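Just passing along the structure, written as structure tokens.
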Amino acid sequence: MLGKLQIPMIIVNFKTYLEATGEKSVELAKKAEKVSADTKVLIGVAPQFVDIAVVAEAVSIPVFAQHIDPIQPGSHTGHVLAESVKEAGALGTLINHSERQLKLSDINAIIKMTREKSLVSLVCANNPAISASAAALKPEIIAIEPPELIGTGIPVSKAKPEVITDTIRRVREINKKVVILCGAGISHGEDVEAALRLGTQGVLVASGIVKAKDPDRVLREFAEATRI
Amino acid sequence: MLGKLQIPMIIVNFKTYLEATGEKSVELAKKAEKVSADTKVLIGVAPQFVDIAVVAEAVSIPVFAQHIDPIQPGSHTGHVLAESVKEAGALGTLINHSERQLKLSDINAIIKMTREKSLVSLVCANNPAISASAAALKPEIIAIEPPELIGTGIPVSKAKPEVITDTIRRVREINKKVVILCGAGISHGEDVEAALRLGTQGVLVASGIVKAKDPDRVLREFAEATRI
Amino acid sequence: MLGKLQIPMIIVNFKTYLEATGEKSVELAKKAEKVSADTKVLIGVAPQFVDIAVVAEAVSIPVFAQHIDPIQPGSHTGHVLAESVKEAGALGTLINHSERQLKLSDINAIIKMTREKSLVSLVCANNPAISASAAALKPEIIAIEPPELIGTGIPVSKAKPEVITDTIRRVREINKKVVILCGAGISHGEDVEAALRLGTQGVLVASGIVKAKDPDRVLREFAEATRI
Amino acid sequence: MLGKLQIPMIIVNFKTYLEATGEKSVELAKKAEKVSADTKVLIGVAPQFVDIAVVAEAVSIPVFAQHIDPIQPGSHTGHVLAESVKEAGALGTLINHSERQLKLSDINAIIKMTREKSLVSLVCANNPAISASAAALKPEIIAIEPPELIGTGIPVSKAKPEVITDTIRRVREINKKVVILCGAGISHGEDVEAALRLGTQGVLVASGIVKAKDPDRVLREFAEATRI
């Protein structure tokens, strides 16, 4: 599936922000599409489940689900089916986001399922050990979220380089191919630049774009910063 | 919110059946709408999250989410926000379906949330004690699923009446107003008729409709059976 | 089972405090036993799973598990079996403590199981609606924890009486027999006295005893305050 | 911690079997201790939480908890604290047993916690990918449970060798040091022998011992089979 994707990439997680719900999810996705077209940098979006269909209808950039469940079609009321998000237009799915953490066996089952359904798997991992462990499951993309960069407000561009490079090294010992995104500490263009310089191949961002006064401007800044 | 609803009612849970996913969810919802228009019986549908928006766009009968999470807008990647399902066009939501059972405190939080957001709450309860307990939380609708009727293949029309009437009695001791649906043992028109005769005010059905060779015919049979 | 218990009662939850782990759990339980013997007030203790056997061996006051799982004997590695806590000497179990909240169907299954095994069920409920809902499941004891008294530091003795009396009223509408304990806002003897005066039949306490400099003195103060 | 352990080893999981609850857990542990003393083969036992203290008091062979929670001392009613199982006499703990599966981040947190508390970590993993992933977290012992050997009734001694050797290879690519146990397909001495010949360093067994008519005889058969 990754054939459809290129690096570097910017994936924007819409979370359950009202600023990216319903009609606003479509508006934001369109801005992302425009910046992507202008800058030739791949930008993907991860809207809420209920917004996947309308977003995927409105734009042609990659759309990710925020989660899918390790289920087959059938009697699973209230769960999220791989087939459904795919038919709604999703190209892939986030897995194990720090706000939706999963059992190890479910992460493995979902990655397996994405392979069978030709969906792109993007696993989130919030420390070096977990990143290495997730890499062993052979997803296509992994978003590393060093705890030093989550919540502490330290941007990648100001952090000790080892915070990123140690995680990359541990992931690469186990998996040479997985695309590695930086999933924390990204607020400014210089953070995107720093993340790529340290060896990641893109970024997973959320509030930095969704909550920005001018998401268009920030998206453009991020996209241009990938051209290092 | 119940002002918008009338009894008796038939709610069709699409679960994660492929027969009611994506385009097929819209087709089935349109059949339900047609039967509802022809028979003047209220029929609602509960499609998967990703299909809520397209279904609600296509039909004007009540649409329910299959579940929502007890969260506020914000950082809840992979969760289902009340505001989002509402903006997508849902009138209400199933809560605590036997395939998506919830903590007592979450059921209470979600019911409270549906009141604040003017969504209809439909709580599922799979035995008399749980039905009474759920009724104490004052949802607008409760779907009782007597264990004697789940999985055993015994239809309501052949079951001992006490299986239904005991549960109704326990619910009514606690809550005079809640609408009571029969959520198990419904395969034929005579089951719908039996359920209503025993004191419920409608039915919650799934495979009986979704997996039927001719859902239109069965929906019509069910709707006509409510006219007892 | 309640035949063995008397009201008013004081139940001390040892949580996972180091001050009440291992040897210290036995020491604290012995203090509780001594105060109970001196004051003729029923005092029970709820140590950690691993300490139930040694505590129950050392004292003859009622011992509660902090939780049991809704399982039968068999293949349930890492779960807590009713039979095991009973053989270890427990008289009953806490259920649905706010730090170990359960699915509605599991609360019901566990209460049913306690009846079958002759264990006392003590369900915790952290607001009036949940208290009413829990009462419908007919446990033997319910510990109400008004949100106004949790974490806010407001003691029962200073709170608006309605905070307690409204919950009691809602519980009593549904269940005349259940013993009602006050499970929050208890730091001093006057709080115990206030809780009983407002209509509860005892208290469920934790840090107020376990973390006290002199648990013996505080236990004695609480016990004497029940004689109003 | 592994200094205290030797390979090959046999670990007996008591699950929640009544045959290994309370007094019977002590009896079975004593049999294991006797066989271990007679054969000089390391045999460990994993009783239920409530039985850890009495078992550890009665025998001097290694005792494992069946699970611990990723918590610190404090307000965690109904959870299992590392410090408590250690004070009760446990040498280590099972983690992520297939009957008590955990979030990836919790497995990592618990392994980290076992290191800090000098407890032995034994992670269960029920397919090759999950085994590799778990190995990346650097536990001291891993129990591999090939799905071909679980529930299908195929014993290790009759299975295709690759079922075991492929998993070992994937684990060893990531972790040279971890002790590998075979955790499925063990019913007879020849299965133990086959498991060791294929490269594992011991076995994790349950019903094969606990439910045996003569556990002493089977334990002895298993222990002698390790001398290949």
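By letter and in written order, the chains are A, B, C and D; residue numbering begins at 1 in each of them.
Note that contacts are C-beta pairs under 8 Å (C-beta built on N, C-alpha and C of every residue); 3 or more make two chains touch, one makes a residue touch a chain.
Note that the structure is a prediction, hence the values are computed from the model and not measured.
K.L.:
Can you give me the shortest step count from chain B to chain D, moving only between touching chains?
P.N.:
2
K.L.:
From the C-alpha centres, identify the chain that is farthest from chain D.
P.N.:
B
K.L.:
In whole angstrom, what separates the CA-based centres of chain C and chain D?
P.N.:
Inter-chain centre distance comes to 35 Å.
K.L.:
What's the distance between the Cα centroids of chain A and chain C, rounded to whole Å?
P.N.:
Centre separation, chain A to chain C: 45 Å.
K.L.:
Give me the residue numbers in chain D that touch at least two other chains, ranges are fine.
P.N.:
Where chain D meets two or more other chains at a single residue, that happens at 98.
K.L.:
Can you identify all of the chain pairs that touch?
P.N.:
A-B, A-D, B-C, C-D
K.L.:
Show which residues of chain D lie in contact with chain A when the two form their complex.
P.N.:
96, 98, 101-105, 107-108, 112, 125-127, 129-130, 132-138, 173-174
K.L.:
Which positions of chain B touch chain A when the two form their complex?
P.N.:
Chain B residues touching chain A: 13, 15-18, 21-23, 46, 48-54, 66-67, 71, 73-81, 83-85, 87-88, 94, 97-100, 206-207.
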